[in-house]
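Here chain A shows up in two complexes: once beside chain B, once beside chain C.
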Partner chain A sequence: MSGRSSWSALWSTRAARAAGWVLGLAALVALLAPLWPLPSPARIDLSRALRGPEAPWTRGFVTAPADATLELGAVDQALDAARRALFGARESAAWLGTDSKGRDVLARIVWGSRVSFLVALCAGLTSLVIGVAFGAVSGYAGGRVDEFLMRVVDALQSLPFVFVVIFVITLAGAWKQELLALGVSREVLLYVLVGAVSWLTMARIVRGQVLALRSAEFVLAARALGASHLRILWVHVLPSILPVVIVYLTLSVPSILLMESFLSFLGLGIEPPRVSWGLLAADGADALNPLRIPWWLVVFPAAAMGAVLLALNVLGDELRDALDPRQARERSA
Partner chain B sequence: MTRFVLRRLAWLVVTAWVVVTLSFFLMRAVRGGPFDGERALTPAVEAGVRARYHLDWPLWKQYLAYLGPFNLDERAPAFLGGDGARPWGGVLAGDLGPSFQYRDLSVNDILAQSLPISLELGAWALLVALAVGLPAGVLAGLRHGTRTDLALRLAATAGSALPNFVLAGLGILMFGFVWPLLPVAGWGGARELVLPALVLGLPFAAYVARLTRTGVLETLQRDFVRTARAKGLPERTLILRHVLPVALLPVISFLGPAAAGILTGSLVVERLFAIPGTGSHFVNGALNRDYTLAMGVTLVYTLLVSALGLAVDLLYGWIDPRLRAEGR
Partner chain C sequence: MTSLLSVAGLTVEFERGATPLRAVAELDLELAPGEILAVVGESGSGKSVSALALFDLLPPGARVRSRRMQFAGRELSALAPRARRALCGREMALVFQDPQSALHPCLTVGRQLGEVLEQHERLSRAAARARAQAALESVGIAEPARRLDAFPHELSGGMRQRVLIAMALIAAPRLIVADEPTTALDVTLQAQVLELLRARVREQQAALILITHSPGVVASVAERVLVMYAGRAVEEGRVEDVLLRPRHPYTRALLECVPRLDRPVDAALRPIPGAGGDAGRERAGCAFAPRCALRIERCERERPELEGQAGGGRAACFRAGDLEALR
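After this line comes the complex of A and B, so read on.
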């Protein structure tokens, strides 16, 4: 593919542009979370439990009570200091309501997006490493090795992965102390596990691409010059399939995001006091009862999640079409 | 064809064996055994418990007993030194062992109670996926480019983007509380089935609709359709007899992944709607470290999903004449 033309074609689609804006905005909001004048997402105040949303124009900002702040890294502390300089002790009123423990829903959505995006990113990178390595070896080696490795992928494809992941998380619960001593928290385990079950499509795609390039002239030339196999793969083959890899990484992110929220929803993923979108959805579903209908706990997290997932799907589809215009024409014919 | 089936079955056996073996050793490697965290037992009771679950055997013997197909305790078949009262045992004999959480039940008992419920829910969800997805996809394909098409496509994109637990929350909110039409929990009657089946099936309906629409559009451009039109075939007959059978092929191959996805999604939906299916038990087992239950469900679902996948492939080969001729 010629890079420039397909990227500009992509950008010219209105849907892709809208999706790009949504994702950019979501990423910015999540990344700069400590900068926004929001209440702490972990502050429990039962006297303010289950307050309905108040529009920002009826009650904009309130004075924040002095309370224990979150544990933050160095960059986040700087952002937090910037927030204090900008907004002082003011914080937003409960624009999107509060949950059953009096925590601010908007703050939880913003901080939850941080965790969800982080998991998606880390798990995506894990799947990228495994998938590219597996696919590249399979395609480059060819023959029997290729046949065997692809059969393994086929066999793995038939596993119901969510069950396997949950089973492993169950077992890991017994080694919690040992794993923590190694620096592996449940969250890190989640990155690795979700990534470790999401690489199959990537491996197939990379394998196909490498197989096609294996006997390309520039590879043969490199081999004739005595380059090692590893060097050929790393320096010559992989850079030329990078665009394809990036596109399929984008396509795999929504399903990874989904798996994280799925596990957190079941109580097997992110653990409180951290918050992720799956936990928010679970809180919302748990809070519903016939006497009191805190709809804001269901609707707002759903809207945030729906918007981001929809944008990711649209962008992924458009990226794929930009990469392969022939198929795109068939699809939308 | 036979070779294809045999090879698939062989790989299935290998996969299942790897799953069983890995999980057995992982389970046994877990420190303190399955009763870790219980209140302290007297040595005598602990010895009794260990003997009951054969935790006092050497590891290789535990593994062989777990794998089967022969029972290895004092009631083993005669050639293994027992009295032959209970010759079979282990996974190969279909015995998934005792549940650690529900002390009086075996994993088999739990599956026998709960699997029919999960399968019924899954079957209804699949029906929803097809009953909603197929007509919507055909309509969008035939009305290609119109507002109907656009609206259906938007709905399908949104439907496949929203996870089922978010959909479930919205559904419970709308039809359970704001406009109380349907019960939001429980199992048994037809009314209890409606919301969970819809929530579980609709995301797949969206995908089926997308596949069907593409299939219809592609088929409509084929030469045989033009020929049929030129011969003056009524549009209705043309669509039903000539276009649909070809257009629906991709949908058939999607049935396998869809069934797998529905079984997975049923974990969340069963929890939300308090349905006593296998998914609920699995999640409870996982949260309570009931390793044998978690392992048994994982194994059964692996086999189920693989069998469904194989069945769909066979169905596909049987329906598509080109594959039949090749014989694969």
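After this line comes the complex of A and C, so read on.
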């Protein structure tokens, strides 16, 4: 793969640039969440429950009440201090409304994106590293190795995921203190579990592709000229399957986000006061009733999620095109 | 004569059902440094399989046996896979038939050429690139510096074949096996590519095995020729002898299938009746007997061995002696 030309090809299309900006912006907002002058996403104030959105120009900033902040890590504390220095006690009014417990929707979207992005990143990386490696080795080695590795995938895939999660989370509950001492919270456990299932399908897909490529003539030619197996896999096989890997990766992220929301909805995932996009969607759906429709609880989180997923899919699509030398040249010509 | 490549009793079988399919049977090969040997035969006669067996490239289902498979004094079958792979590309190289599919579609030409050097000589990517450019130049590609960054699909068929040849030659191997290097090319390019191969082989003092099914290619390049039928060598000798005075009915029939300028236009080509020899099914007698015009009763019972013939060359036919008289 000739790196530079495909990156410049990618950046030359307007759709890819737009998607890149959206994702970059979303990542920045999520990373620097404590820096923004937002109300605490965990502050419950029933007197302000279910207020509709107010435009920033009608009511911009209000004075924040002193409240117990979230448990933050060292970096986040520094960011929080920076916010105090910059904005003092000011914070945004409820621009996107409040939920049934009076929590600010905008703050919850921003803070929730952190958890959701982390889950997606976790799943994406495991399926990229473990899934691709597992599938590539299985498909390339063939024979008994392939048979064995694929039966492992079969076995893991046949486990009913929800039961496994319930089992592990419950078990972890019994050992909570010991695990926390090791730095493993329930959230970390969730990331690990989501990662553990997300690579299975990737391994299958990669294995099938590699199996087909293994006997391709250019692979044979590389072997005839003495390329080692590792070099063949890395230099000759992987670049050819990259488009498939990328497309599958971008397709799997939405389902990962939904899986997280499902688990959180069951009370197995993220625990309040923490928040994730999945929880927001579940809360929003809960709050809807025939008498009163707090549409902002559904529309804004869904819009945020939709924008990020759309950008992700566009970027994946454009990346796949850019990695195919034939298409890249045709477009620039 | 010390031989560069010495193969005796090479047999390749594929596992298919109850009876193994024998693609190559008891093949002997001797090749001196600097020699050009042509291997001729129909599709399925075991030419390519023998080449792949030399490079240990056969699929897992294949069984390769041989009494001897020596390259430059080293027994290939006794080498560890890693050591054998180190030989491939560096000391012995294989040129594939179809430049369309033998080049990686997503890697630039320069990268693919450089790969070989990165693998064998641990060169840096920049150094490999410089050598790759020189290699492209040596196979007569114009503007080599620019072509380094081209993808295979941006090159013409002839150029792709040149790139393949450059790839095989880049590490200056002592043995080059070219598996029908001109089949995918049109006639003018065929001549160019053959000339190129011959010149480069001579320059590097390398030996060349040229696998082909075209007697024209044989005549223009090779010094010695080996004719294969149904996985066995049926005739072997100097090019002039084999092409002008074939000792085996199959060789003669093969030559008569080719249009020639020195014959009247209306002289019909004579296709060989029947289908190509089925390498898989072992016959008691000569494999060519069912299609042979000179078949005698003995051909059905006994298999003729490859034997030295009067006037040089070897042929595996009971009637090799009569063939001259029947001309």
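The rule is short, and it goes like this: the second predicted complex is superposed on the first by the 215 of 333 C-alpha atoms of A that agree within 3 Å, B and C clash if a C-alpha of one lies under 4 Å from a C-alpha of the other, contacts with A are read in each partner's own complex, and residues count from 1 in each chain.
Keep in mind that, in the parts below, a residue touches a chain if its C-beta (ideal position, glycine included) is under 8 Å from a C-beta of that chain, and two chains touch if they have at least 3 such contacts.
Predicted model only: the values in this text are computed from it and were never measured.
Engineer: Classify the contacts of A:228 with the two partner chains as first (chain B alone), second (chain C alone), both, or neither.
Structural biologist: second
Engineer: On the A-aligned overlay, A:295 touches which partner chain: chain B = first, chain C = second, or both, or neither?
Structural biologist: first
Engineer: Which holds for A:169: it touches chain B only (first), chain C only (second), both, or neither?
Structural biologist: first
Engineer: Looking at the overlay, what does A:143 touch: chain B (first), chain C (second), both, or neither?
Structural biologist: Second partner only.
Engineer: Quick one: chain B or chain C, who's touching more of chain A?
Structural biologist: Chain A has more residues touched by B than by the other partner.
Engineer: Examine A:313 and indicate which partner it touches, taking first as chain B and second as chain C; both and neither are also allowed.
Structural biologist: Only chain B; A:313 stays clear of chain C.
Engineer: Check whether A:216 is in contact with chain B, with chain C, with both or with neither, and answer first, second, both or neither.
Structural biologist: In the superposition, A:216 touches chain C alone.
Engineer: For A:59, is the partner it touches chain B (first), chain C (second), both, or none of the two (neither)?
Structural biologist: Neither partner.
Engineer: Kindly classify A:285 by the partners it touches after superposition: chain B alone (first), chain C alone (second), both, or neither?
Structural biologist: first
Engineer: Help me check something: in the complex, which residues belonging to chain B touch chain A?
Structural biologist: For chain B paired with chain A, touching residues are 11-12, 14-15, 19, 23, 26-27, 30-32, 36, 157-158, 160-163, 165-166, 168-170, 172-173, 176-178, 180, 184, 214, 217-218, 221, 260, 263-264, 267-268, 271-272, 282-283, 285-287, 289, 291, 294-295, 297-298, 301-302, 305-306, 309.
Engineer: For the complex, which residues does chain A have touching chain B?
Structural biologist: 151, 154-156, 158-160, 162-164, 166-171, 173-175, 254, 258, 261-262, 265-268, 278, 281-282, 284-285, 288, 290, 293, 295, 298-299, 301-302, 305-306, 309-310, 312-314, 330-331, 333
Engineer: Which chain C residues qualify as touching chain A in the complex?
Structural biologist: For this pair, the touching residues of chain C are 55, 57, 59-60, 82, 85-90, 93-94, 96, 98, 101-108, 111, 115-116, 119-120, 149, 151, 153-154, 164, 167-168.
Engineer: How about chain A: which of its residues touch chain C in the complex?
Structural biologist: 1-2, 142-143, 215-218, 220-228, 231, 235-236, 239-240, 323-326, 329
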